[in-house]
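The chains carry the letters A, B, C and D, assigned in the order they are written, with residues numbered from 1 in each.
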């Protein structure tokens, strides 16, 4: 028994996500994207969502499908515009979705801060650029920094490679990306994995996300989409 | 070829450490303590050092031996007073060493900030306690925080389990402790390991300290001291 | 008020059993150095409680004995311990991020004093010859969803350690929610102190000796 | 001034070879999306240069082809790549800590404009219909010990992209140290611009067209 619950279906995994929630969605492009959880979230019907993710959807799958379903009020991301981000592009140009662009490293560090109980931090990224507008500036030891605040999620939806029955996670290659950080930054972390193994089968030295950060796990069949997009 | 250099002896590994340097020393008590590097540092002779470490030496070995040799001007640590910290205790009571007590999590996070290019961060630890004296206070979202600054080292001396020839590191169990954080926070990171393997022999998913953080490596014979001390 | 009179005050082992009973199944728990480590021995089998040690591990097992002793595997008190199936290791910054971020459910600490409002003093007596040493105490004090204290209620000279206001230097402000002692269990916090249980002493007398106003 | 006249401006492939030659052996390097990725093909065997990709990997190998394509292994441009012996994976916060902390030796980026003082503009043209998208550009701009830019020197309409002051929105302030272009190589920074090499154009004419004052 542990607190992380292994559920039978992606639909069970996303049950209870409320309208208006902030949802952290893993993936860098399609690598690490929790396709099954997003499809289940579309079926589940929660709307007026704020999505935090590196991109704003690729092609017509995953996050792009959630956007196309009209469930997203606002996107915080580093790189919405890609070769295959037509769903987002159209919504944005039609004024149907809000966008907050956050430098990629700040996106990651602000979520880490949320997970680590840091109230705010001084960051050198974006100093002197349009993205510094409205931010508090401070000079420390001769370098200029901006004050950045945590980004906390009500839910995180992430993809990992394997979980053990306690909820410890390992990832595969660069599909790791935002998953471990988002898992720490959300009140409820929901994970899709390709396999579930017994506690003790993962090398304790190689666990990337300890079980304490994981609430619900669902095993899904591996689905791989063609990687595309300018970036 | 890589930038990390594998050297023949602990003496070669610590060559060039200047008087007055700030040296981050790994280990939690004796677990992860880089004994051979510290012994070599004693032979090397650098003095007037500032040591950043969780403890201030146990028994008569490792950090305690460096203190006993009179090379340390100041210690930043979380927990100097232990059942077996007689070397530090005597020096401190004789007024021969400076002490700055830092809560253990702040010690780790301030070194992480140094390695991560964070200028400062707001931390809830120690609010309302004597260790908050002189620190800037700010309320964020109804919670009170103290402003904490990075701790950067000129050198880090750490112990790891194995390195590959590029300098990637893995650790063993709770001997990992401060090593990975200190490796990021020092200008020059010097590591003692029990084995060196070829590049490609460590699982890329399980590397804890990537080679970019490692400057010098020396392979040493495993030495294990009895674990003791109240804490 | 739930008052469970017993004929005698509890031993620290009995108190550890009481606390173990109160820790919800499946919790992530940090047991402080000293008396709180005893609690681990009283957790029921299958409780699913996962122990965290600040020096970088989840799912820590019991104390290591004999050949199982490994100098690379200790608890925060630097005592050799073991690992349970499903353990995970992480470095110190990650370990304290876990604590500071509020992910632990329960932390049980020893104390010199606890105030009725939940203030905690457990790191230094502030005496001039006391070498200050805080370790992870301040991080733990503010890091768990619930911070419990386990201590004897009175000093050797009979002074209560549950006090209207701490006289020792603080470890954390308003951070303790419950105090387990050999003479009784108390809720503390912004609403003040409330006696939950007493052991070997009458609630009225307990209130009198500690300066607690009964409702 | 080292001026290496050639009969023609360099192709982007030739320029990539020039940059590869200038990267010190054993460096940790991030190659930006687009043209800079070509540099990897020109690094000499045994250079020991280790490539970083912002999406969480050190010791990235060449582009993956055929069966080697793995959707879980891509570069920052989301192009499938391979891993070299001694690779390491890490999550995004660790990857950007590595950049922001100044641990990379060299980063090579594309640009819309670079100013003589090292200001960089490479993330948005600022046109009203341009959807803003910054990715890791601002982190990379301030994250490496040396930030090089690789670009054509002139726009299609003949305007110089090396300018006294950027007119496009900035990515970073004073962050670029060297600019590699098809017509020449320039040092930029607090002391202003200096021509290092020229290709297929006379230094005097180059200075004239870009508004550079020759020493």
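Everything that follows uses one rule, which is that a residue touches a chain if its C-beta (ideal position, glycine included) is under 8 Å from a C-beta of that chain, and two chains touch if they have at least 3 such contacts.
Predicted, not measured: the structure shown is a model, and the values here were computed from it.
Farthest from chain D in terms of Cα centroid separation is C.
With centres defined as mean CA coordinates, chain D is found 55 Å away from chain C. Chain A and chain D have CA centres that are 29 Å apart.
Separation between the centroids of chain A and chain C, computed from CA atoms only, is 35 Å. Of all residues in chain A, those touching 2 or more other chains are 109, 112, 116-118, 123-124, 171-173, 204-205, 208, listed in ascending order. Touching of two or more other chains is recorded for residues 57, 83, 89-90, 97, 99-100, 143 of chain D. In terms of inter-chain touching, the protein chains here follow a pattern that is not a line, ring, star or complete graph. Across the whole structure, chains are in contact as follows: A-B, A-C, A-D, B-C, B-D.
Residue ranges of chain D in contact with chain B, taken from their complex: 25-28, 46-48, 50, 52, 57-59, 83, 85-90, 97-104, 143.
For chain D in complex with chain A, the residues that touch the partner chain are 33, 53-57, 69-74, 76-80, 83, 89-93, 95-97, 99-100, 119, 126, 129, 131-139, 142-143, 169-173.
In the complex of the two chains, the chain A residues touching chain D come out as 28-32, 54, 78-82, 88-89, 92-93, 99, 101-109, 111-112, 123-131, 171-181, 208, 224-231. In the complex of the two chains, the chain A residues touching chain B come out as 109, 113, 116-124, 138, 140-141, 143, 145, 149, 170-173, 203-206, 208. The part of chain A that touches chain C in the complex is made up of residues 1-3, 112, 114-118, 164-166, 168, 184, 198-200, 202, 204-205, 207, 210-213.
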